[in-house]
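Two complexes are shown next, each including chain A; its partner changes from chain B in the first to chain C in the second.
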Partner chain A sequence: MDRFVDLAVSAVLLAGLYATMAYGLGLIYGVLRVVNLAHGGVIMAGAYLGWILHGWAGLDPYLSIPLVVGATFLLGMAMYRVLVRHLPRGPAGGPASLLLLFGVWLVLRNVAYLLFTGNDQVIRTSYSTHALPLLGSFVSVNRLAVLAIAVVTPALLHLVLRRTYLGRAIRAVAQNADSCTLVGIDVERIYTLTFGIGTALAGLAGLLSATIFSFNPGFGSGELLKSFVVVVLGGLGSVFGTGVAALILAIVEVFAILVMPSYLTAAVGFVMLVLVLVLRPGGLFGQRVLG
Partner chain B sequence: MRRWAADVPFWSAVPFVIVVAALAALPLSLRISPYERNLVTVAFLMISGALAWNWMGGYLGQVSFGHAAMFGLGGFVAARLMLHENPAPAPIAWLLGGIAAGVFSLGAHPMLRLRGPYFSIATIGVGEASRLLFTYWEEFTGGASGVSLPIDIGMKARLYWWALGLAALVVTASFVIRRSTLGLQLLAIKADVDAAADVGVNATFYQDLVMVLSGAVVGITGGLWASFFSFIEPADMFGFDRSIGFVLMSVIGGVGTVLGPVLGAVVFVLLRQFLLASYPQLYLGLYGILLILIILFEPLGLTGLGLRLARAVRRRRRAPGVVAAP
Partner chain C sequence: MTGAPMLEVDGIDVFYGDVQVLYGLSLEVREGEIVTLLGSNGAGKTTTLRAISGLRPPRKGEIRFRGRSLASLPAARRAELGIALVPEGRELWPQLTVRENLDLGAYHPRVRANAARNLETVLAMFPRLRERSSQVAGSLSGGEQQMCAIARALMSEPTFLMLDEPSLGLAPVLVEQVMRTVAELHASGITVLLVEQNLRKALEVAQRGTVIETGRVRLEGTSAELSRNPEIRAAYLGI
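What follows is the complex of A and B.
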């Protein structure tokens, strides 16, 4: 029973991270219909940004959140303005956008190799090894903080999408971009901002992962695939669905340890990805327009 | 897609046969070093793999990021058959490896109704899941330490012709598919599955067929690869980089054409050799930049670039006449 509680707690903690990774991917796909394969690269970039700020400027990873989010936001907007904007829209652009953004990922990885070599890095803070007693087991303080941020972020995202003019414009563009031009919404600007926000969320996820896991320039591919699982499972554009899907993935992965060697638990996510795509392409909760 | 490949006339078979014959005579007539011969052999293998990938990614428009699964499966089945106590002759082992990979590809049947990015993402999942499962299955793949085949220098030399034969066969098959009604039906499916089904194209069957053929050829390529290197490990054979390699070769050369993947594979092998030797730190990024440039400026890759040049030359040649006419 103890072990059950332990596993459940760690599944919840993991789910927070998975959800944070997936929001950005889901947002960009929901609005632009572009699968951001560079997502993994930005997660890696976020991790390194946090590492630089911590190592060189002595900035606590949680205090560097605004900087990392800002930097990856700008990176995302630049990626849209310089590259993604020129792709053909609609189904014809599907494979093209995949390949283009995969190219961006390769470049990001290469830049990271050149700057930081292939060595594994980690952000180690004074509280990295602290733990609190909770439900009869011990829980890392750091992981709790990550979970808290993972809960606050979608709440903020939800508020922005529901309550602000920008959010309404984003949802309107997701529904019908052509009609938006008729009512005076600058669609290109919305696309740019959406891509920026989605990328910034990936940067945030990278920074948070960097406080828990070690990383190298290849970091992010597993995270990208897990984000796919969560987005596909949760249905595109549903903030609530994304959270639930992240929890499902985390629970399945964590409890898989009971029945299979730990080495294979990563495969569970991939198998789930394929099964969900084939069986429930609309996600478990159906398709919904952002919010 | 442009009609270029379908416009290639039948007489082009003559230069093709001459080129293949010249390549076959190359190691006999000229004194090329084993290093060069090996490089050309690898290029032949990559040509076969890239063209087979192109049947899916180019003709059918289903971009697969998981072809390493078939490459690895074909390689390991062939290797196991050759390591058996009564070892199978290499060609039989390769063929059976290809059949195993083809049968495995049939498992993609439910995925083939996914289109565009959904299919691509699903193939990433299948590819990565296969990598983990086969690495875990140590009795079959040797786990992380891989499988070694007895080293046979004569075999390595003979593989030049086997690989050339395979590549020539696959090039021919690519032309035949492209020119046949099958090729037209594949193009119709690529353009619009539903519309193709409305005019009587059995989209489900043809997608399965091409997937199996593509998987089988990639599997055979994997078998030859295993014999050629005498050592294979699942992390490499099933690796994501290998899947990406097939994609890159076709995209660099020109997706959906016949000549494209051939050119792409040659460039890929040479570039890889050169970069790994001289600038290993720029290896990934250069491919990334190439991908970005090709997608943005010339979706048909090197083939498109060649066509553009040819058009420019023709225009220039015609231009004086146009000016002279009153």
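What follows is the complex of A and C.
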């Protein structure tokens, strides 16, 4: 029973992280119809940014959130303005943007190897080893903080998308860009901002991951694939769908440990991905786009 | 009641990729007029409206609005000038609510502060939309969607309104209603350019008409002249 509670708690904590990174990928795909293969690279970059700020400037990873989010937001906007903007979109443009963004990822990764070598790093803080008793088991304070941020971030995003002119414009562009132009929405500006927001979410997810896991320049590939699983599972409909899908993936992965050797649990997500694509290609919650 | 030229389309060539759709097309709409653009499917009516709204800029020729060339003005800035288009097929944002669709109609800076007032005006005009305001636009009937599309365009306080086949796919009673709405909007002072398949109805509400054929102007005249024209009667009115 204790074991069960332990696993359930770690599944919930993991789900928050998955939801944060998946939402960035889903938002960019939903609005621009571009699969951002550089997502994994930005997750890695977010981890290293936090590590640099912590190691060199002594900045607590939680205090560095605005800096890391701001930097990756700018990085995302630059990636859109300089590269993605010039590519064809939609089904016809698929291969071009996949290759280009995969290239961006390779560049990011190799720059990281050059700067930081391939050694594993961690962000270790004074509270890294603190734990609180919860439901009869112990939960790391840090993981709780990560969960809190992973819950607050999508909630904020949801509010922005629902309540502000900018958010409504982002959703409208995802559904019909020409009509947006007609009412005076600068569609290119919305694409730029959306790419920035999606990329910043990846940066945030990377930073939060770095407080829990060790990482190296190859970090991010597993995270990208998990983001895919969550996006496919949850569809592009809502923040809520993404959260539920992240929870499902995390629960399945965590509980898989009970029935199979741990080196196989990483494959569980891909099995789910294939099953969902075969059985419910529109995702578990239908095909609405940012409705 | 008509004044200075409001819209001047001057010899425009428009392409889709390598395919030329408009050939040196010219058109004029004067302040306060209601003009209809007629022609069969594929003649280039929709393309003409897309060129004016900036979605499909001409490769040659010029479009002027109140004497000012639109060539260097991006499409997204044209709503600010008072130009609005109700596109063919409504083109609403199907998963946003009616209310959100309307609110976004008042997106550009000149009118955003008036959004609440404009919303009241359009909801008073289309009471049906008030009942439906929290429903997603995709769930509306065809007639309601058309009202929503017109209302969204009105939210931007246009002085020049283009409507692309607003009666398409509507039941006859709704066609009447849409045409009455168009006439009312014109009476309220909005200059209108109407593209319509239903030529009889279009000539009823319009003062002048231009007939285009394979991207070129074929005939021009007042509605009365066009209704009498034997060619038109044979080709479009089936008389």
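Here is the rule we use: the second predicted complex is superposed on the first by the 289 of 291 C-alpha atoms of A that agree within 3 Å, B and C clash if a C-alpha of one lies under 4 Å from a C-alpha of the other, contacts with A are read in each partner's own complex, and residues count from 1 in each chain.
Here is the rule we use: a residue touches a chain if its C-beta (ideal position, glycine included) is under 8 Å from a C-beta of that chain, and two chains touch if they have at least 3 such contacts.
Predicted, not measured: the structure shown is a model, and the values here were computed from it.
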item: In the superposition, chain B vs chain C on chain A residues touched; value: B
item: Touching partner for A:Y165 - first (chain B), second (chain C), both, neither; value: second
item: Contacts of A:V187 with chain B and chain C, given as first, second, both or neither; value: second
item: Partner chain(s) touched by A:L132 [first = chain B, second = chain C, both, neither]; value: neither
item: First, second, both or neither for A:S179, with chain B first and chain C second; value: second
item: Which of chain B and chain C A:L87 touches, first, second, both or neither; value: first
item: Which of chain B and chain C A:L63 touches, first, second, both or neither; value: neither
item: Residues of chain A at both interfaces, chain B in one complex, chain C in the other; value: none
item: For the chain A and chain B complex, residues of the former touching the latter; value: 35, 83, 86-87, 91, 94-100, 102-111, 113-114, 221, 225, 228, 232, 261, 263-264, 266-267, 270-271, 273-274, 277-278, 281
item: Contacting residues of chain C [partner chain A, same complex]; value: 53-55, 74-80, 84-85, 87, 91-96, 100, 103-108, 112, 136, 152-153, 155-156
item: Touch list for chain B against partner chain A, complex; value: 57, 61, 63, 110-111, 113-118, 120-122, 124-126, 128-129, 132-133, 136, 240, 244, 247, 251, 281-292, 295-296, 299
item: Touching residues on chain A, where the partner in the complex is chain C; value: 165, 168-169, 171-172, 175-176, 178-187, 288-291
